[in-house]
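Given below, in the form of structure tokens, are the structures.
Here subunit A shows up in two complexes: once beside subunit B, once beside subunit C.
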Partner chain A sequence: MKMILSLPIDLLILFAILAPIVYLLGVKMRTRKIVDIWAVVGFLVSAIALYLLYNEVAAEGIITHYWAGQQLRGIAILQIDMLSIFMAAIFLLIGLLTAIYSTKYMERDTGHAEYYTLLLLMVAGMIGVAFAGDFFTFFLFWEIMCITSYVLVAFRKEKWESIEAGFKYLIISSAGSATVLFAMSILYGMAGTLNFAYLSSTISNTPTPWSILALAMIVLGLGVKAAIVPFHTWLPDAHPAAPSSISAMLSGVVIKTGVYGLIRIMILIFAPAEYQWQLLLAIFAIITMTVGNVMALLQNDIKRLLAFSSIGHIGYIIFGLSIASVYGLTGGIFHIMNHAIGKALLFLCAGAFLFAVESRNLDDLAGIGKKMKITGLTFIIGSLALAGIPPLNAFQSEFMIILAGIQQGVTSGIWYGLSAIMVLNILFSVGYYLRIIQIIMLREPTDLAKKAKEAPAPMLFSMIILAILCIVIGIYPGPFADFANQAAEAALNLDNYVRAIVG
Partner chain B sequence: MNLIPLSYYIVTALILYILGMYCLAVKRNMIKLIIGIEILTSAANLNFIALATYGNPGGADPLGHTFVIMSIVVGACVVAVALTIAVHAYRHYKTLDVRELKRLRW
Partner chain C sequence: MSGFTGMDLILAIMIPAIIAPICFIAGKKIGRVGNGIMATIALAISTLLLLGSWNTILSQGHVIENYGVWIGLFKIEAIFLQDHLSFAISVLIAGISTLAAIYSISYMSHEHNHEIYFASMLLFVSGMIGVVLSANLILFYVFWEMMLIPSYFLIAYWGSGKPRIVGMKYFLFTHAGAAALIFGILTTFAVTGTFNLLELPDLLTGVAPGILKGIMILMFIGFAVKLAIFPVHTWLPDAHAEAPTPISVLLSGVMIKTGAYAIVRITLTLFPSQIMTVAYSLAILAIITVFWGGIMAFVQTDLKRMLAYSSISQVGYILFGIMCLNVIGLSGGLFNIINHGIAKGLLFMCAGAVIYATGVRDMKQLGGLASKMPITAVATLCGGLSIAGTPPFAGFASEWMIFAGGFAAGYTILAFLAVGAAIITAAYYLRMVKRVFFGECPSNLSNTKEAPISMLIPIAILTFFTVAYGIFAFVPLEIVYPAAEAVMKILVGA
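== the complex of A and B ==
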């Protein structure tokens, strides 16, 4: 069979299009659950296809594929290297576990056909962004991802919170998308093409006022999606308002798509040696992590707290990127994986609490961990992991980022200061993670929490898998760090990427 | 044949972009905010069309036009979603003023 795009994306889109039909069949056969299982199967099949693709990429280095059939100046092309595979693997992992979790969590909601269609399409869009080899493809998949996530945030349309958050998210995020589009038009005017490799060979050598304007607009536009402070204001509203399974997707992986775009575009097209954006981006990163961590401490709503903590972690990742060395980028990319796993776990746990007692307020949730022992245990693992406690996973990547920052100190003393601020931030963030652990696990249960029952099996399954991953990556980081290292080297190996197209 | 210089188009596009951002920052009606998004997208589209024509003496570059058509389609989807949310907001609050949607601190 000839594939249209790439096999993992094709399968996801196919499953997404067929999901409403399967739902209707399920209604006819009086088994409504069938569409849930359909979505889980879709993610599984796509994961197998991704594994096959991984083997191909590991053998050949870079795969290029013209999906529109014509070879018009490198347009409509997929260019898949190790970094793309790495990101796609994280997207699919979190997507699969979210789908399993949703089979139980979304039981009380209606509109399952729409929900799973949108979920599958969102993951397809994210993988497409990671595979894109030119701005045309990038923009299309970017918008697929954005539009589906707008709808998913506003999914519970009968609640005021979802509507407000959805509208705010839509306005801010599509303004960001339009800014990226404007930057693309400038790059197109300068180079006459939109292919990353061609742009890399024309734009990266000589900074001109126009290319610097384009760079600024791309950082602004992708920064909105990646929630870099001061463009983060939508995130603490949108992430809590969505259903918890979607919060896990948004906080775990959708914001990472913005980070991926920054990594790919800024390293490939705006070469750090010429454009000197490292320090500026590092300052953004420091502001981001500080604002995220300080605001997280002040929150009284568990999902809002987790959303702010996501902003803090985005700061760490951007700091790793801003160092722009192999080691720093490895740390940043590795942290993308660790944060995705940890934050998805915490949001799924918060969803389980929400499922049990219908409240997100920390005062109501006090002591609930004593009633929901397994959920509580996974919640502790997730919190400690993100707090950077060894031997759990985020410690490994945060350590790598800080070490890379100190190595960068050889070039300019300011990097020592920035790394020190990051260490302070990590220590500071332990404060609120311990606070939520203390509230959830150690306090006397409130009346509301006493009535809580343990979460159902599919929800527990997803949480336990993620908790095990937290521990495994922490104790045995070798293969995972190696994978991240391959991804970082692929991202920095411009020659290979450009030669695959330009020749 | 005398064409209008390219810089006119680019300046117009930049002015449109700034107008769109101004609209998003100042206007308080949900429909006007959605119009602001449309203005922003139009600015980028205009820039694409102008550059596609001027970059290639003797004919327009199909690539820029393809991109703009796609961008218009995508923009229509975004506006459809935005208007749906606006309708639901109107049903809840009986107003389109975003200042009334203040429970989330705009």
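== the complex of A and C ==
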């Protein structure tokens, strides 16, 4: 029997739609927890479906699926290769751990039915973006993801901060979406199709003013989501204001969909050899990482600090993309995974601190690691990992990116300089990671921190899994790097991607 | 036939790393003493495993353990190499660490969280041994940084004075050096396509000299920070003085020597013709380091801070010996790595014993302890005289070789200066011994007792070696001389 290729998405949507009903049943049966478990099961089932899909992709290389049932000039198509699977796997992993974490973390909030529906839908949207084979599907799922995330940022609607951040996020991000839509319409006007493969075969080799305009608008539109400086201003407000589990999703994976879109579209439709966007994008990347890291050093709110650090890491990933070689892209994609794991871990830890003492201010949190030993330990691991210290995971991908930059430098000297700036950035970022470690772990506990109790088991579970992943990927990166490498090869192998549709 | 198990090298690295989490988890149950004994046993096993490869080295020249592909994407292999050079340094590291673990059991009795302390210490040592045995630059870098994290926590958590700031300074300095190092390593890969230290010498000969010089400078910056060469030495006096004493032993005794090891192993063997063009300038830098460390040590009144500055002075000697680029200077430098490791470890342990017994670390407030702590007093005298280069102690032989190497290399003025600096060294050590152990005993210290036996055992063992290596200097020379000859063969070939 042939499996339905959209199954991971379908299952998530199904579970999302049924979540309110399950919640109502739970209320009737006086066991409110049932909807939490329902969501966790949803992610698990979807993960199994994704694993089956992975086997198919590993066997066939690329698979396509017309989800609307019939072929409409390559519209409404899912086209799944290793890059899509790689991204979807990260989305589901972080989604699952977030859901487990939320079962305890969201205990003090109401509206669990809405929360889990939105969370499941958001992940479904992200996987849809990664699977999309044409702009129509891409944009559809993109908007599912965006709209759910707006609501989730403003989920604690009794607080003014959440409303304000959510509104700001809504305005800026919608402007980005509209820009992408505009670019889509230009591309449609030029090629008469929205299918990625057809667009690739008509546009990628012939830069015209219109296609360059479309490229610029796509970089801008997706750049807003990916928080490339100067389109990043929504991020430091939105990520801290959301509940911490959602911050972990937003900073860990949602911004990566923007990066995924950039990787897929820029490599496929605007071939780097013709459009020569590498250096310009690299300069954007350098500015992004520098602004992110410098701003992070100045923060006194732990979640805001982590949010700025995400901008810095997006800079590293975009730098890897801008090199557009196999190593560069592998490093960038690998770093997507490592940053997702590390940053989700840190936000979950920050959430655990918040859960214990109701404060995000670093002065209040001083010394809390001495009271919450396990959370503190995982927090140290996450911080050191993201600081790029071997033998933890982010080091492995960062060295690949820098290596690719230096290799580029052998042919064109400016890349030596750009890579050196990235090394300096990593060095600089150690400063603030060390600062938060010192504040959280080494200072004498404040009065507030003294009252803190260790986080409950479901929250610890998610954090420990992520911390173990940080160490395992760092010590034995082989299989993970190979997976990222397959994804990068798939992204760079235009022929396969185009031939699957154009024939 | 290689050693005991055929996997000696990787086990020597991994056993401390594997025992570390066990120490941490079981820590609360087995207590401080249990923890300390476990750490000691783990490190002792490492030492024995490393010693076990000696026969193979004698017969075949080296032991290579290749565990195949580690990161397939870059064809990075997990490969370890033990030859005369790494044998000398790795055994020194493992041996001194074992003694430091024994010493910690009593010394850390007033402190808290022993389980984390011993776990960090084991990871720290595992990183150091790994650095010395790695035959792959990425693996080397990973271990290089693996030393850094636990040692940072050891300083920042159990240190004295302002440990947070000192720890931060230590971390940022070493990490900045490491950033230069990784840039050099990655450029090496970009021009050759391999990280393998055994293949690199051949592949690098085809690369443009300008690029090679750039790589060499980048890497040297990384090593120089670790070795604390003037002007990137400023982290050392703070870190080594404020760390808990057993950790000072490790930092000053062995960790900084990984920088010297790396200079010999990587800078000299990979870039032989480039190093020759800068050797004289580096020798000048070494002499400046010798004097800077010596003069600063002379004006200190804090016991541990003085020892820390003395370390800077001594790494200057080591670098000078290496930069002579002849067999006698190089083997003198390597010999001094061993001698200084033993003697400085000994002196820090003695200083720790004095601090443990009296609670005072300012030399002005100490005095007349010779009758109260006779063993510590004798040991301190032996250690101080050894570092000052007095016969028949070990330091005499190595410093004499360094001076001879300097004259042989034609650095006449520098060598004279180096000899002169030895007088400063003798002056501050004798003054320290006089101030601490002779003269009038302050009334508040009249009840001082000798340090506990578990602290005296490592002190006694190290004292034995400072004397034994002075009289039977041919024993360690049998190890370091072939190492120097092997390196020189590459240098002469270039």
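Structure notes:
Here, the second predicted complex is superposed on the first by the 498 of 503 C-alpha atoms of A that agree within 3 Å, B and C clash if a C-alpha of one lies under 4 Å from a C-alpha of the other, contacts with A are read in each partner's own complex, and residues count from 1 in each chain.
One rule holds for everything that comes next: a residue touches a chain if its C-beta (ideal position, glycine included) is under 8 Å from a C-beta of that chain, and two chains touch if they have at least 3 such contacts.
Owing to the predicted nature of the structure, the values given are computational and were not obtained by experimental measurement.
When the two structures are aligned on the shared chain, A:Tyr188 is found in touch with subunit B, with no touch to subunit C.
Applying the stated contact rule after C-alpha superposition, one finds that A:Ile62 touches neither subunit B nor subunit C.
Once the two complexes are overlaid on the shared chain, A:Val430 sits against subunit C while remaining clear of subunit B.
Contacts of A:Ala307 after superposition: neither subunit B nor subunit C is touched. Contacts of A:Leu403 after superposition: subunit C is touched, whereas subunit B is not reached. Of the two partner chains placed by the overlay, only subunit C lies in contact with A:Leu384; subunit B stays clear of it. When the shared chain is aligned, subunit B comes close enough to touch A:Phe139, but subunit C does not. The contact surfaces that subunit B and subunit C form on subunit A in the two complexes do not overlap at any residue.
Contacts from subunit A toward subunit B in the complex involve residues 72-73, 75, 136, 139-140, 143, 146-147, 150-151, 154, 157, 160-161, 163-168, 170-171, 174-175, 177-179, 181-182, 184-186, 188-189, 192-194, 237, 241. Those residues of subunit A lying in contact with subunit C across their complex are 327, 330, 384, 389-391, 395-396, 399-400, 402-403, 406-407, 409-410, 419-420, 423-424, 426-427, 430-431, 434, 438, 442-443, 476-478, 481-482, 485.
Interface residues of subunit B, counted against subunit A in their complex, comprise 10, 13, 17, 20-21, 24, 30, 33-34, 36-37, 40-41, 43-45, 47-48, 51-52, 55-56, 61-64, 66-67, 70-71, 74, 77-78, 81-82, 85-86, 88-89, 92-93, 98, 101, 103-106. On the subunit C side of its complex with subunit A, the touching residues are 69-74, 138, 141-142, 145-146, 148-149, 156-157, 164, 167-168, 171-172, 175-176, 179, 182-183, 186-187, 189-191.
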